[in-house]
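The structure appears below as structure tokens.
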């Protein structure tokens, strides 16, 4: 492929490896879930609401056109989302030793807000736990162990590099349209325990993620769970957490190493942001 | 760079042109503005609010950890955002002849909602109007003409292909932290008129965008303006509109052709979605 | 008591029977429940949220003072509230034959909105069903019958006049701090059936009310119940409905006839309004 | 009128002075303003939004009935409202020396929240400043002086008693449908200065109120004003403040002494509550 073959008008595609790769074609796996009232979400966060403020016909302009729009009530941890480091503190401190009380004065975080999360254009690895366990999805309250993660990484056929994004699939994405099953406060939810999470964190990923409400094994308990994996990632290691990911398509296609894209909203001083991450691969052609 | 040189563990980078391009390094231009109460926005849409629901110290867990989170009130057309085709109707119909009244029954759109907007991984072109006019930014109510757009395209040194994204810079992004100046309801705002917009639409881009509240020249008028460019793009042509883009960095670096990434939230049945688009280029190295 | 005895400065108290009655002293029974996130409410309405937007210390003024305030997300049928006639339609019409579609164009009701509900300063009667049944509270899905209502009215020792407010106690107010028990979607909730409700409506009250989510017997069903009593009251008879009332104190004191005060917020075009109604009686003194 | 003449069925009306007064008839003056998007409000508080969540026809039940409802975004100081003592602190303390930081931990006030404001059934006095000044309404930034208040009290023909409610009319209620004039941040707003307010507070009212955004003279300044009258009333004296009252009807009828009714929503831990207060007088009949 040369510039000449396209008439010389597209210098970018030739000079720029990224543009050239895109021009050749990519397949996209959508890792964001649909957002609607009644979807699975943590009861600790505002209930998602979307109402049409204006509908077509409410206000018809003189030229016969009309607009519709909506009002949205949501939160930074509602729907597929990424946690900012402002989200969790330990003994009064955020990641890097920042004083949590001082950071939050004024009603939005002066440090570690969602606007500080850099967009992610990097490598992603799917750690498909049900695939290595030979089941459809992990049982409620199942603790994803280090051995599970090792097996899933072996299945992926690669080794994490610092800055990769590591996504742990539990299979709970298949429950997404049954919010009571997905949220499952009585029976708990699957996820890594502290041991498995530490093993992941040692690879120095920029983010970890899962297809559950919390990236964390949740025991069948009442009340407010302690979240040791959140503390590890967000407070101690400076690793972002992505939750409520849609990983079923990726798993079905056995795509376990991919290019990962994520671009959080710059919600100034927020503790998280809704996102719609993407996994991508170059299209394979006959010539390949 | 060969697979062997990395020990054979990273097959993706070699097999996959996209991954290889990313591994070589990319520079990212952030096209999303910061979201905060008081930022510029259209008075036709809900006022953005972000309040901390819990702060650190409100609910300290037994292990000494504490979480903070937020409640967000916003809209699909608040902050940097993309318009879904459900947004505008003409004489009762949405793009493709869909009946607007029927589509909106139930309080969310059955067709053309924000969740139907495909992620965009494609080529983007910056049409830098102030650059061709030799000014810092377009005056209020300035109509961006076809001649302006042609000159800007010439400056970019390429020709749009179907499916590209065409971003028109007016320079108003430099006013972003002065909401009253940016919104400017008394004096209007710059943007393409119907003639210039039609010329753009004929290139069949998948989306057009601008660094203003509306992709449209807004006259200094009172009340609710007629929006012929919105009607053209969203109802007649099926071309998405991206608004409130941050284009100053791109312009300052004279980056006018780039890889464009945008991933709208899957807000089911909504008329638009907040986004944080990115422009990217492969890093140039000495070897290049 | 004469004007002279008070030095002539309080002419109102003597000339004005209402002022005189108040000056003599009244006891107040609070019929409004507390509003907080997690309180009982219908799942058909927005989830109540109250978050502090500013806290003391966020913004200290030069004089050492500081203000706190809140953002509230709620609905017209959340917490103790009154239904406007705009709330329910039958075959496309609101009370009085008003076209429901036409009334709601523009996104708020042109007729029968909450701002049209006149304040209520009138007589109220408590129909205490558990008192006549000899139980603490009605069982889930219990249908309050005409016979129950007749017995309760006999216990109250009066006869309704047109314009009175008739409050039906089921005893569910004692469950208020256990939202899952109070809401009880699986087992249903007690309330008048169509027969009992018709008997009440024939007295031509200006409003009826109850200590349940819906003034209506709710069967233990799935999905969206049909609400014949709502239709009767709001569409056919023009009688407002008050729900989620706090009636326990009134019942405990055996106060069954009282002066009733209710003042809905003038939410323009809304279908209901939160309220805090009061029941009052003149204080009895030794002289009485 | 005797009990006998009504057949002995209405014992309440005879035994109960309040009921008897109501039965004789009262005239009601509505002191609550209409609530709608675009109404006057302080820019320090959440912008009022009311959107229909469901409209008639969205979800038609099998019996042909349909319901409409709304989602409301508001605040405790939006629309006609009353301030709780939790609203203002001075040097870290609320009224009664309560520690403001400790009270607000958890995200709602443990003391002095809106749910602690007792309903008000008491005497009200209108202090009609424009009436004594011989003008339609006070100019922007006009300071209502002690002399003005004294003259207005003389016009009312009574003397405040402890526990009364004292309402200061500036005439700005006539601007209510012109939000930019009513809010008037550039030119300020009329209200009592510290001297006049202290004179009022010395009467020990349970609440004071006005027909302005703030019960306080607001100078034509930029930024966040210091509010000495708020501090006086809410922190030092324990006197509630009612704002954005509708006082035009009362003034037009020259009703200056009346029975006052106010019933705040029990918003747990909030710093204020929307209200619709009423002024009432017994109807005068020929027999009187």
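Think of it as A, B, C and D in the order they're written, each chain with its own count starting at 1.
The criterion applied here is as follows: a contact is a pair of C-beta atoms (placed from the backbone, for glycine too) under 8 Å apart; a residue touches a chain by one contact, two chains touch by 3 or more.
These numbers come from a predicted model, not from an experiment.
S.K.: Which chains make contact with chain A and with chain D at once?
M.R.: B, C
S.K.: If I rank A-C and B-C by number of C-beta contact pairs, which comes first?
M.R.: Contact tally favours A-C.
S.K.: For chain C versus chain D, what separation do you get between their C-alpha means, in angstrom?
M.R.: The answer is 21 Å.
S.K.: Quick check: how many Å separate the C-alpha centres of chain A and chain C?
M.R.: 45
S.K.: Based only on mean CA positions, could you tell me how far chain B sits from chain C in angstrom?
M.R.: Roughly 47 Å, centre to centre.
S.K.: Residue numbers in chain C touching 2 or more other chains?
M.R.: In chain C, the residues touching two or more other chains are 46, 49, 51-55, 57, 59, 71, 73, 107.
S.K.: Which chain B residues qualify as touching chain C in the complex?
M.R.: Residues of chain B touching chain C: 49, 51-53, 55, 70-71, 73.
S.K.: Quick check: in the complex, which residue numbers of chain A touch chain C?
M.R.: Checking each residue of chain A against chain C gives 46-47, 49, 52-55, 57-59, 73, 105-107.
S.K.: Can you tell me which positions in chain B touch chain A when the two form their complex?
M.R.: Residues 9-12, 15-24, 26, 28, 30, 32-36, 44-46, 50-57, 59, 61-77, 79, 86-92, 94, 100-101, 104, 107-109, 115, 119, 121-123, 157-159, 224, 226-228, 230-231, 235, 257-259, 261-272, 274-278, 280-282, 288.
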